[in-house]
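Naming follows writing order (A, B and C), and every chain is counted from residue 1.
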Amino acid sequence: MEDIDLFWVIIASALLFLMQAGFLCLETGMTRSKNNINVAIKNFCDFCVSALAFWVLGFGLMYGLSYHGWIGMDLFSLDFSKAPPSLAVFFLFQVMFCVTSVTILSGIVAERMKFGTYLFVAVIVSGLLYPVAGHWSWAGRWGSEGTGWLAELGFVDFAGSTVVHSVGGWAGLALVLIVGPRLGRFDDGSGSKAITPSNMPTATLGALLLFIGWLGFNGGSTLVLNETVPSILINTVVGGCVGAMSAGGLRYAVNQRLDVDQFINGALGGLVAVTANCFAVSTGSAALIGLVGGMIVVFISQLLETFKIDDAVGAIPVHLGAGIWGTLATGLYGDLETLGTGLNRFEQIGVQGLGVLVYGIWTFGVAYFVFYAGNAVFRFRVSEEEEIVGLNISELGVHQENEMHASRVMLDRMLP
Amino acid sequence: MEDIDLFWVIIASALLFLMQAGFLCLETGMTRSKNNINVAIKNFCDFCVSALAFWVLGFGLMYGLSYHGWIGMDLFSLDFSKAPPSLAVFFLFQVMFCVTSVTILSGIVAERMKFGTYLFVAVIVSGLLYPVAGHWSWAGRWGSEGTGWLAELGFVDFAGSTVVHSVGGWAGLALVLIVGPRLGRFDDGSGSKAITPSNMPTATLGALLLFIGWLGFNGGSTLVLNETVPSILINTVVGGCVGAMSAGGLRYAVNQRLDVDQFINGALGGLVAVTANCFAVSTGSAALIGLVGGMIVVFISQLLETFKIDDAVGAIPVHLGAGIWGTLATGLYGDLETLGTGLNRFEQIGVQGLGVLVYGIWTFGVAYFVFYAGNAVFRFRVSEEEEIVGLNISELGVHQENEMHASRVMLDRMLP
Amino acid sequence: MEDIDLFWVIIASALLFLMQAGFLCLETGMTRSKNNINVAIKNFCDFCVSALAFWVLGFGLMYGLSYHGWIGMDLFSLDFSKAPPSLAVFFLFQVMFCVTSVTILSGIVAERMKFGTYLFVAVIVSGLLYPVAGHWSWAGRWGSEGTGWLAELGFVDFAGSTVVHSVGGWAGLALVLIVGPRLGRFDDGSGSKAITPSNMPTATLGALLLFIGWLGFNGGSTLVLNETVPSILINTVVGGCVGAMSAGGLRYAVNQRLDVDQFINGALGGLVAVTANCFAVSTGSAALIGLVGGMIVVFISQLLETFKIDDAVGAIPVHLGAGIWGTLATGLYGDLETLGTGLNRFEQIGVQGLGVLVYGIWTFGVAYFVFYAGNAVFRFRVSEEEEIVGLNISELGVHQENEMHASRVMLDRMLP
């Protein structure tokens, strides 16, 4: 095998896998301990079912022989022991992208969805929504014939600001509109009420693990270990660092508050924002893109509050908000020669905007429709009583030391 | 140096090292906070003493010049600054295998063994039990003359379903029979009583870290970065994912319970099951092997309850149960040409069964004898009072915020 | 690009990044939950600001064209998309060293410094103190013209026992003298009072992550994947393992106590001690150096108590104490040919001692002066009330489940 390139992608896959641990820490830390087992085990199991759904169905839809740039038609349920090593490595890397996209949803709707219905959602996203959307931009990346129709137009999304992050964000937005806010989050007329997180240091650890994993996310997306990789890695680090400072700083400037969430989510926003373009921008541009990415996180967080949309971990601002920005920034700041689409600056910006729009319509539209129907059949949400008691006990029947304490506190508050 | 192959094994070693962090999280999360420092520091220190014991003694016994396939006779206490780089890399990788096998024990007997006596156990396993057992299958892997007697017969255990996992499981079973169940676990006649875990999200994080590390465990066991590696990695991922769903699903089907333990341990069971055979089976077979591996975890867990054997984290079902299954599955599903033993299907299954038996007799037998004698001399277990107060305070004298709270709760329950 | 060497350094950088996660766990675990968000977010943000300060200023000062061996004069604020890949990879690796050095400070002065003033300190260390000090030993490592004046004299510090660890330790010592001990730590005349840690298993996890990351720290410092790397990695593992046992064992021998801190910090001390010399000593010498490194941790910990210096996580014994020892040990045990300085044993020991002295004077002197001035202007420390309530609530306004409980307990103790 062409050793070093495949080797690099294998390592990148392991780094991406670490992002699952990052999401787990981020999400359990930001939610309440009465639900934290539920949050953790959903993260664990969505990895398992999504990886399998992507193997059976999704990978073929995304990277199989293209039907006019719209959908893939082979490579389903492959036996990789008989496949070329390069295809197996490519699958390994792609399966980690797919589960990342899915896991984004779990955070948004944490603390109120049934375990089983969440797995249904995970299968829909990993087996259908994500791979079809991905095909339009990334078909042919492994070598199957055909190009996605958006890529054909010149749409560029290097490592998935839109294809992975926005898709996860759009689907999550659809889902949160259907399941609704957590009890007590927007109850009275006076606006939102913060929900006490269980463990912010764990959430911060999660953000660090995500940051580390992002080296694989962006660095591996070249699929070869070429001379662009080092600059990509530095752009990733710079984008994330600036994003943290810009979101945290903006929140401090406006509200005179040091807001831990915003430092963390700002970093992630910066990372999402450079994801689409880190191969084609200067280090300074990466800093600028991260700067705006961080600000967008603060702005969209505020917007969600205004519209009473309850995103439990702030994933919509990060993955959808900064994802859109990163996709547009590719048109604004990307070196046209490196992008290699043959478009001029205005055309490139236009097609990036078109891509943002198309992904929004497809993902949000289909997700809303399917989840609406699914909810009608299965009822996605736990009962009010179950939510008050907490999903650890009500759904999983697990009594856990700190969580017993915490739910007692919670009940004390609820009861007269 | 033959760069890329050694490089791959170095990376695999780092991934394996991460499994120590995984075990730490898994075991501290599944146990009570009044003992969790004790659990954590045992995991940390057993790494340290086992690595040193393996350097001084074990490595030579396992990989030194073979005495008729039974035991190694050189390579003790090597100075690696003078050794060939390939030997040093091989040692680094092998030391991580050894500590994995040892760490399995720590979980099984958590919450009741003295720190010092546990280190004694760790030295016995890493310096004697594991390396001698390993020699029989893996002697000559680095290049010393001689082949283990089981390998000579055609026994195949690629990355250690038996050599690492079952050996740890058998030794742990012997140990748990000697130290006995935790207080309160099987006290009344009405069967078992679950013990409240301190932090299941941490345990879930641990399972994820173990899963990530397993890429190195299985992927590195080729010792070269050849074209089999990508398929091995995918078989590993598929085996683990299917195992989680099969164990969790089976438990749900039987008991109508979503059981977090079973999802986690099912994944680990699936991973253990494919460990012996992932280089020689199709992706579909890996899924099947993982499926059965997960079911075996559920079944053996039940069996342990019936026999009132108190495995604090469920490591016996995972490492011993699924380890035996994976070893047999190598005979059942392994591609005979890839196995390369020259045996036919029936002979291969036979010799795999023989290996299972031999390892059981050796490891359980010697472990039981040595631990029985050790226990007679040192008394492995803490006193009843120490166990009730918790090992954090009674053994380590560490007062820790949440643990103070937890032990008070525990005392409250015990006292009238 | 010369693939494999750059690839190795990229991987080493990712491993080093993991050390940030390790520090976060170590420090939040060893401190109280009323401050743990503050500790975590400081660790996260010091990474961000330090990485940026190093990019803008520090990297040039450290590795730019040398002005007579004292300071670098170019390579500021580079655009890495236009730079040679080897320079970009080198920067990535070096930025992780820089943030490691900075993070050492955060632990020492945890639980009493304001967030904003700590970031000021981080910028001073990463943008000025560390890079200038580093230049004296490591200038020219990437290829810019010139050699540091200490390196010119024959001073050897392979991976930074002094350049990274002692520098962090000296700066931290200066800082802790200025901010003073935590309330209640040395209040009465009867000596020190231990402060209850929040979560020692998390701290132990942190130590494990640091240990894993150290493979990159030392292994990557060759900057090429040559035949020395495997022995370096083994020396690292052996040094850390022996350090844990020696510190823990010494404390047990003297005080009849199993002291979790000392096992953990002993391992880190052993790791720091071999950092300077792991490329030039035998495995046996690494064990000896780790042994003494662990003992020094115990000794210096005691010394700090005696002088009523309140190092919240024991980072001064580890990074400064064992760092000095490791630097001297390079002279004592290093293979002179491998060191390649042309000095004889006595000269080598002498120049190592000179280096220790010079770094102490520079770092402690400048740090004390700058921090003293900074403190006069900004007042580094929170108010007494804020410290009692805890920095999570008083500084960050974050109410967190377990921390609400903990601060109430704390207040209960303080109030009559």
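A few comments on the model shown:
As a working rule, a residue touches a chain if its C-beta (ideal position, glycine included) is under 8 Å from a C-beta of that chain, and two chains touch if they have at least 3 such contacts.
Computed from a predicted structure; not experimentally measured.
The copies chain A and chain B differ by a rotation of 120 degrees on their C-alpha atoms, rounded to the nearest 5. Under half of the residue numbers found at the chain A and chain C interface occur in both copies, marking it as a different-residue contact. Between chain A and chain C, the centres computed from C-alpha atoms are 34 Å apart. In chain A, the positions touching at least two other chains are 4, 7, 11, 402, 405. Those residues of chain C lying in contact with chain B across their complex are 4, 7-8, 11, 15, 32-33, 196-201, 204-205, 207-209, 211-212, 215-216, 219, 225-227, 229-231, 233-235, 237-238, 240-242, 244-245, 248, 257-260, 263-264, 267, 281-284, 287, 335, 402, 405-406, 409.
By the touch criterion stated above, chain A contacts chain B in their complex at residues 1, 3-4, 6-7, 10-11, 13-14, 17-18, 20-21, 24-25, 28, 36-37, 39-41, 43-45, 47-49, 51-52, 55, 77-83, 85-86, 88-89, 91-92, 95, 115, 202, 392, 395-402, 404-405.
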